[in-house]
Amino acid sequence: MKKIVLTGAAGNLGKILRGPLAAMCDELLSTDISESVGDLAANETFVQADLAKMDDIRPLLEGADMVVHFGALVDEVPFEDIWGPNFVGSYNIWQSAKEHGVHRVVYASSIHAMGMYPKTVAITPDMPHRPDTYYGLAKCFTEDLGRMFWEKEGLESVHIRILSATSRPGNARALGSWLSPDDLVQVVTRAIDTPVVGFTVIYGVSNNDRSPVDNSSASHLGYRPKDNAEDYAVEILADTPPADLNDLGLTCHGGPFASATLGVSPMALMGIPDDD
Amino acid sequence: MKKIVLTGAAGNLGKILRGPLAAMCDELLSTDISESVGDLAANETFVQADLAKMDDIRPLLEGADMVVHFGALVDEVPFEDIWGPNFVGSYNIWQSAKEHGVHRVVYASSIHAMGMYPKTVAITPDMPHRPDTYYGLAKCFTEDLGRMFWEKEGLESVHIRILSATSRPGNARALGSWLSPDDLVQVVTRAIDTPVVGFTVIYGVSNNDRSPVDNSSASHLGYRPKDNAEDYAVEILADTPPADLNDLGLTCHGGPFASATLGVSPMALMGIPDDD
Amino acid sequence: MKKIVLTGAAGNLGKILRGPLAAMCDELLSTDISESVGDLAANETFVQADLAKMDDIRPLLEGADMVVHFGALVDEVPFEDIWGPNFVGSYNIWQSAKEHGVHRVVYASSIHAMGMYPKTVAITPDMPHRPDTYYGLAKCFTEDLGRMFWEKEGLESVHIRILSATSRPGNARALGSWLSPDDLVQVVTRAIDTPVVGFTVIYGVSNNDRSPVDNSSASHLGYRPKDNAEDYAVEILADTPPADLNDLGLTCHGGPFASATLGVSPMALMGIPDDD
Amino acid sequence: MKKIVLTGAAGNLGKILRGPLAAMCDELLSTDISESVGDLAANETFVQADLAKMDDIRPLLEGADMVVHFGALVDEVPFEDIWGPNFVGSYNIWQSAKEHGVHRVVYASSIHAMGMYPKTVAITPDMPHRPDTYYGLAKCFTEDLGRMFWEKEGLESVHIRILSATSRPGNARALGSWLSPDDLVQVVTRAIDTPVVGFTVIYGVSNNDRSPVDNSSASHLGYRPKDNAEDYAVEILADTPPADLNDLGLTCHGGPFASATLGVSPMALMGIPDDD
Amino acid sequence: MKKIVLTGAAGNLGKILRGPLAAMCDELLSTDISESVGDLAANETFVQADLAKMDDIRPLLEGADMVVHFGALVDEVPFEDIWGPNFVGSYNIWQSAKEHGVHRVVYASSIHAMGMYPKTVAITPDMPHRPDTYYGLAKCFTEDLGRMFWEKEGLESVHIRILSATSRPGNARALGSWLSPDDLVQVVTRAIDTPVVGFTVIYGVSNNDRSPVDNSSASHLGYRPKDNAEDYAVEILADTPPADLNDLGLTCHGGPFASATLGVSPMALMGIPDDD
Amino acid sequence: MKKIVLTGAAGNLGKILRGPLAAMCDELLSTDISESVGDLAANETFVQADLAKMDDIRPLLEGADMVVHFGALVDEVPFEDIWGPNFVGSYNIWQSAKEHGVHRVVYASSIHAMGMYPKTVAITPDMPHRPDTYYGLAKCFTEDLGRMFWEKEGLESVHIRILSATSRPGNARALGSWLSPDDLVQVVTRAIDTPVVGFTVIYGVSNNDRSPVDNSSASHLGYRPKDNAEDYAVEILADTPPADLNDLGLTCHGGPFASATLGVSPMALMGIPDDD
C-alpha cells in the first residue's frame, strides 16, 4: 500500500497506531489539530490540520489508499462545539476521499452510538442506534454517512465501535468494555488488510470474559482479540461498591455518558480521563 | 391543548396541516422562513423565523405543548447548504423544546432515510438507516437525535417517514408511495392525540395496494389510511415504460434520490416538483 | 359437538358466551363458584363447583369434547388467595380433561401475562412472558401448562389473551385494548370450530385502529374482529388528561395492573370495575 | 406489452388466465402438451409443445416480453416421471428466456414447497423450504433456479405459491387455502404489471379469514385478494369430522400431500381432483 | 458482601457451593429441609427450614445481600407434591427477599423449562418456555416470577438453567449437557459478582464440544466454562446404541424428562440418580 | 457400526476420508465412477458405479448403516451434464437408502448453495438458498430432498456445506474459507458419531480468524475445528492485489463461482484446480 492518512495522530489512540500503520505502507501522513506528534517514523510526515476545515483536509488525502480517521473531539461538549470537528470533520473526510479516489476509510466509531442499551442486552453491529450524547450522535451520523458513500459511491468503510481503549481496565465496567492497545492495533490492522469490507461495523473490545457485545456478524474481518480484562477482576471488584440500579451510568452500555447531561462532559465532572 | 407550534407552515404540507392543527388547540403558532403564510385562522399567529438560528426559534416554543416540525429545505443540495436548516434546525427545535418543557415533537421524517433499500424489501420502522442523500441523512440524524432526547430527557417524538405527499399519485413509484392529503392529516392528528408515544417511527403512506412498507410495529398510533393510489393505476401504468433494472432510481425505495448524485437535486434535473 | 363445559359461567364474559356456546353443541354444562347463573338454555345444565377442588371439577368433564375455561378470580389479590382458583384451578381442568379424553381447552388468558411491555412495542403471541401481577403470572403458568399438555399428551388448547372486554371502551387505553362482546364471541367460536389448533396463543382485541398487538402469527384461527373503539375516540380523548410518562399504568400494555402493587387490586383502589 | 407466452394453457388455471392475459398484450402465445386449448382469442396463437424438450420450448419464447409458466405435471408421481416436465421444463423455460432476452417469468409455484410446516405456523415467503412431495421439490428447485437467474442474469421472476385454486372451497382446509379464480387473475396480473419485481415469492391465496400465510413481505406487488372462503364455512364445517391430530394431511400446510407416500398421488387415492 | 443465604444446602449442588460461597461473604446462612449439612465453615450457620412455609423462610433472609436459591424437590413427582417446595417455595423466597431488601436471587433453574425443544435446535435464553414436566413447569413459573419482581420491585435475579450437573458425564446426552462442578462454581460466582444483572437467564453447561445451547445473549455475565465432556466421548459413545428416533427422551433437550409421563419420576423408573 | 458406504471415494476428499471411515466400521464399501481407488484398507471393498444409474447404486447400500455421499461432478458444467450425477445421483442415494433402511446420509454440500450472499454477510445454516451455479443448485436440491426424506421417512442426514477443502489455503478468499484435511475428517466423524442429527446443515470450514460463517445453530454436532488459515495470511496477503469491488467473484461467498457464467467452469478458465 502506498499511502495511509491517519487523523487524530496526536491522540491517545493515534499514538498507538502510528507505528503499526507506518509499517503497513510506503508513506504515512499523520495529521492532528495539535502542533506536533513528536518523533516521526522514517516514512511518516506530519501536517497540522483542522478537521472542520475542508481546505485543510482535502489536500492531505491526495494519492491516499486509505484513511484511518481517529481525529475528533473526544468528550461530550455542547452541540455547537462538537459540530465542527465531529460532524463536519467526517463529511470533509469522506467527501475528500471520494474526490481523490481513496478506497477505504477506517473510522473510530464508539460504543456511545449505542450507549442507551441496557448492559444486559448483548448488542450486535446491526441493531438500531441509541446514542447517549452529542458525542455518540456524531458517531451515528458518521456511520450513516459512511454507509451512504459505500452504497452511492463505492467508497468502503469500517466503523470500529470502540468501547474502553485504555492501557489497562480501570473499573468494573471495563471488565467488559476494555480494549487493550494490542487488540486495538489488531482490529485496525484487519480493517485495513481485509480485501473486501464494503460497509462494516464492528465493536472494538478485547477478549474479555464479560464482553457485552456480539461481533459474530462481522466475522469476515477476522478480528480475534487476545487480551482479557478478567486478569484484573479480583482487584477491581474488591473496590467496587454495589451498583445503584437507578444509575443509567451503571446499567447502560454507555457508562457515565449514559447518565450524563447532554452537552456536559461526564469525565470532567468525575475528574477522570476519558476512556473511549 | 393550549399551544401547537408548526414549522414549515408555508410549505406544501404545512398549508394542508394549518387548518386541522388550528382546530386541535387554543393557539396555533405558525412559522416559516417565508414572509407569510397568507390568511390566518382565528387562533393562529405567524412568525417568520430561520430554523438555523437558535435565537429565532427558542422564543417561539415558550408555552407550547407540542411542535409539529415540518420546516426544512426539501430537496437534495450540497451538504454545506443543508446543514443549517435540516441538521442545526432539528437541534434547535429539540433543544428549545426541552428548555421550555414541550411534551412532544411530531417530525416530518422521510423515506429518504431508508432510500437505498431495494423496493422488493418491505421496510419496517426499526430496520437500520440507509439514507440516499444528504437530505435523507438529515432525517437519520434527526431521528437519532429524537430518540436520544426521549431516552435522556423524556421528550417524546413521532417521526413520520413521509413517502410521496402529493395531491394525487404522479407516476408508477407513487402507486406504492403516495400519501394523500387526507391521510397526511390523519397521521399527524394521531401523532398528536395518542396519549403515549415515547419514541415512535412510522411510515406516512396511504392505503395503497402497492404500499411497500410495514407499519405493524407502530399500530399503537392508530394510523389507518383511507386513500388508495390504485385508483390511478390503469392510467399511470399505461404511460410507464419498462423499468431499467440498473437504475437505482427505479429499483430502490428512495426513487430518484437513490440514483441522484450526492448534493445535486434530482428533481431539478428532471424538471419535476419534489414529492417528499 | 356433543358436550361443552363452560367454567366461570356466571362471570361477565361467561354470561355473554353461554348462549352462543349452547348453540354449538348438544349439551352445555355451565359451572361457576356462584350458586346460579339464572335462566338456562334448553340444552344447558348448571353445576356449582370450586375450581380449586379436583373432586368438584373432575366429574364435570366426563364426556366433554371441549372445555371453555373462563373461570378464575378476576383481579389482583395476594398470592395465597389466587393460587387456588387460578393456578390449581388450571391444573385441575387440564388434568381432568386429559383423564376424560377431552379434545381441547379454550382458555381466557390475559394481556396481563404480557403487561410489562411498553405500549409502544407491538406485542406478538410468541414473545416471552412479562407478567404484571400475580393475576398475570397465573396466566403465564396456564399457558405453559397448556403447551406442555399439548406436547406431551396431545391435548389441544387455545389461549385467548383478552385485553379489555367491556360493553364499550371506557378510557383512552381501551381505544387500543377494547374487546367488544361480539368480537369476544367470534374469537371463542373460532377457537372451537377450527379443526386443528395444536397450541395457539392469540390476543382477544377488537378491530380497533389503535390495537397494540399483532396477531398475524395466529391467522390460521380465522379471527377477524369487526368492532372498532375508534367510534368512541373523540368523546374519550376529550376527557383524557396528558399522560404522566412516569406512570407505568399509562405507558405499559397492562394498564393499571402494570403500576399496581403486587397482591393489591388496582381496580378496587380506583373504584372502577375490572375490565379484563 | 408485445408478447406473452403462457405455458400450461390447457390446464384448469391456464384456462382462467388466457383471456385476461390476451387483454394485456399484443400477442398471446399459448402452449400446452395437449393438442388444443379450444377457441382462441383474436390475438392468441396456440402451439403444442413438450416442456421437457428444449427444442420445443426455445423457439416459442422468441420476442416475448414475459412468460407465464403454469405448465407442469400437476400431481405427485414417481421422481422419474416428474423430472422431465417439472424440473427440466423449468430449466428450459429460464434458459430460453435468457437467450431471448425475456424480461420476466411468472411462475406457478405451490404451497407444496412448504407443505411440511405445521398449519399453526403462519408461513412467510422467506422461510426455508420444506417440500412435502417430489411435486413440491420441483417447486423448490424452480424457485432457487429463478433466484439464480435473477442474481446472475438479471432475469426477473415472480413465484406464486398457489394454495388451493378451485372454483369454490371444497373442504375445511380450503377455508384457509382457497384461491378464487378472480384472485388468481389478480395476483398474476400484478405479477406482470408491477414495474420492478426482481425475485419475488408470494402466496396465492384469497382474502380468507383463515388464510394461514403472511404475505406482508411481498406487499410491493400490490396483491389484495377480494374473495373469502368464510362464506362457505358453515356448510363445510357442518360436514367436517373432528381432526385426527396424528394425520399430517390435516395438521400440515401441504394437506393430503403432507401425508402422502412419496411418488404416489394422494388425489388419485382419494378420488378427488387436484386443487393446487 | 455481608450475608448470603443458600437454600438446598444439603443437596448435591449445594454441597459443592457451600465452600465457595462462604469465601465470598462475611456470613453464609445455609438451609435445607434436611436436618444437617455436616461440618460447617467458620462463617457458616445452618438452619433447617421448609421452603413451602413462609414462617420458616422469612426470618432467614433478614440482613441478606443475596440468596442462592438451589432448594427444591429435584425430580418429577405429582403436581400436588411439587407445588409446595417448588412453586410456593419460590414465591416465599422472592417475597421475603423483597420484604428484607435483598438485592438479588441466584436461582437454580433447569433445562427442563425448555425440555421439549428438539435437540437439533440450539436454544437461547430468550426463546419461549417449553417445559417437559411439572418439575420444568415450576422452573418456568419461577423465571416469570423473577422477571416480575425485577420489573415491579427492582429485585435482581439470575436464572441458571442447569443441564446435567454431575461429577462426570454419564451418557451420550451428557456429552452436550454436562456441567462440571468447577463450571457450576464459576457460573454461580459470576452471577454473584457481576455488578448489574437485572433479570438474566443463562444456561449452566460446560465448554462441551457438543453443547446444545447458545449463551451469547448473556455474555455480560462473563461465564466462560473450562471443562469439556468430549474428554469422555470415546468411552461413552462406544457404549451407546443407535438412537430410537421416536423416543423423545433421546431427541429432545429434556432427555428422559421429555419422554416421561407427567407426575412420574423418569429417574426412578430407570434406576439412575437425577442429574439436573 | 457395521457398514458405511462412501461415494466419490476416488476424489480428493474421498481419499482423505477412506482411512478414518474404515476405522469407524466393520465394513467400508467405497465406490466411485473411476475404476479404482488404489490400495484398500483391510475391511474395505471397492465397487465402480455410476451415481446416475439406480441399478448401479441400489445394491451397494444393502445392509449399510450410513452413507457418506461425496460423489458428484465437482465443477460447473452445463445443466444437461450435471443433472445425472448431481441431481439424479442424490435421488438414487436417498431412495436406495430408504429402501434398505439406512439410518443416515452424510452429504458433501457446498458453499455454492449460498454463493451469491455478499461476503460481508455472515451466513448461517438456516438462511434461504442463494446458489451461484448449476453446481450450487444441485446442492440446494439435495438439501431440500434430504429434509423431505427426514420429515416424511425418518431418514436422517447431515449436509456439510464445504467451503475450500484443500491441503493449504491458496488465496485471500481461503483465509476465510479454508477447510483443512484434519478438520474435514472431524466434521465428517461428528456427523457420523452424533447419536441424533435429524436434518442438520453445517458449514465445513476451519477455525480461521476470518471464517465468514456462523455455525452456532448446529452446535449439537460438536464440530470444533482446530486449524487456522491465518497462519498463511502474511504470505498470501502480500501477493493479493486490491480487490475490484465490481467483481462478484471477490465480493460474494461463492468466490469465482459467483462471477462465473452459468454452465461454464470458472476453474478451467483460470487454470486452477477446483477447491470446493
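We just call them A, B, C, D, E and F in the order they show up, numbering each chain from 1.
One rule holds in what follows: a residue touches a chain if its C-beta (ideal position, glycine included) is under 8 Å from a C-beta of that chain, and two chains touch if they have at least 3 such contacts.
Nothing here was measured: the structure is a model prediction, and the numbers come from that model.
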Taking all residue numbers used at the chain C/chain E interface, answer same if over half belong to both copies and different if under half do. same
If you average the CA atoms of chain B and of chain C, how many Å lie between those two points? 40
In angstrom, rounded to a whole number, how far apart do the mean CA points of chain A and chain B lie? 32
Which residues of chain B are in contact with two or more other chains? 216
Overall pattern in which the protein chains touch one another (line/ring/star/complete/other): other
Contact pairs between chains, per stated definition: A-B, A-E, A-F, B-C, B-D, C-D, C-E, D-F, E-F
Of all residues in chain F, which touch chain A in the complex? 118-122, 172, 175-176, 208-214, 216, 230, 233, 237, 240, 242-243, 245, 250-251
The chain E residues in contact with chain A across the complex are 65, 103, 154, 156, 190, 193-200, 216-224
Please output the residues of chain D touching chain F within their complex, sorted ascending. 79, 83, 87-88, 91, 95, 116, 126-133, 136-137, 140-141, 144-145, 147-149, 151-153, 262
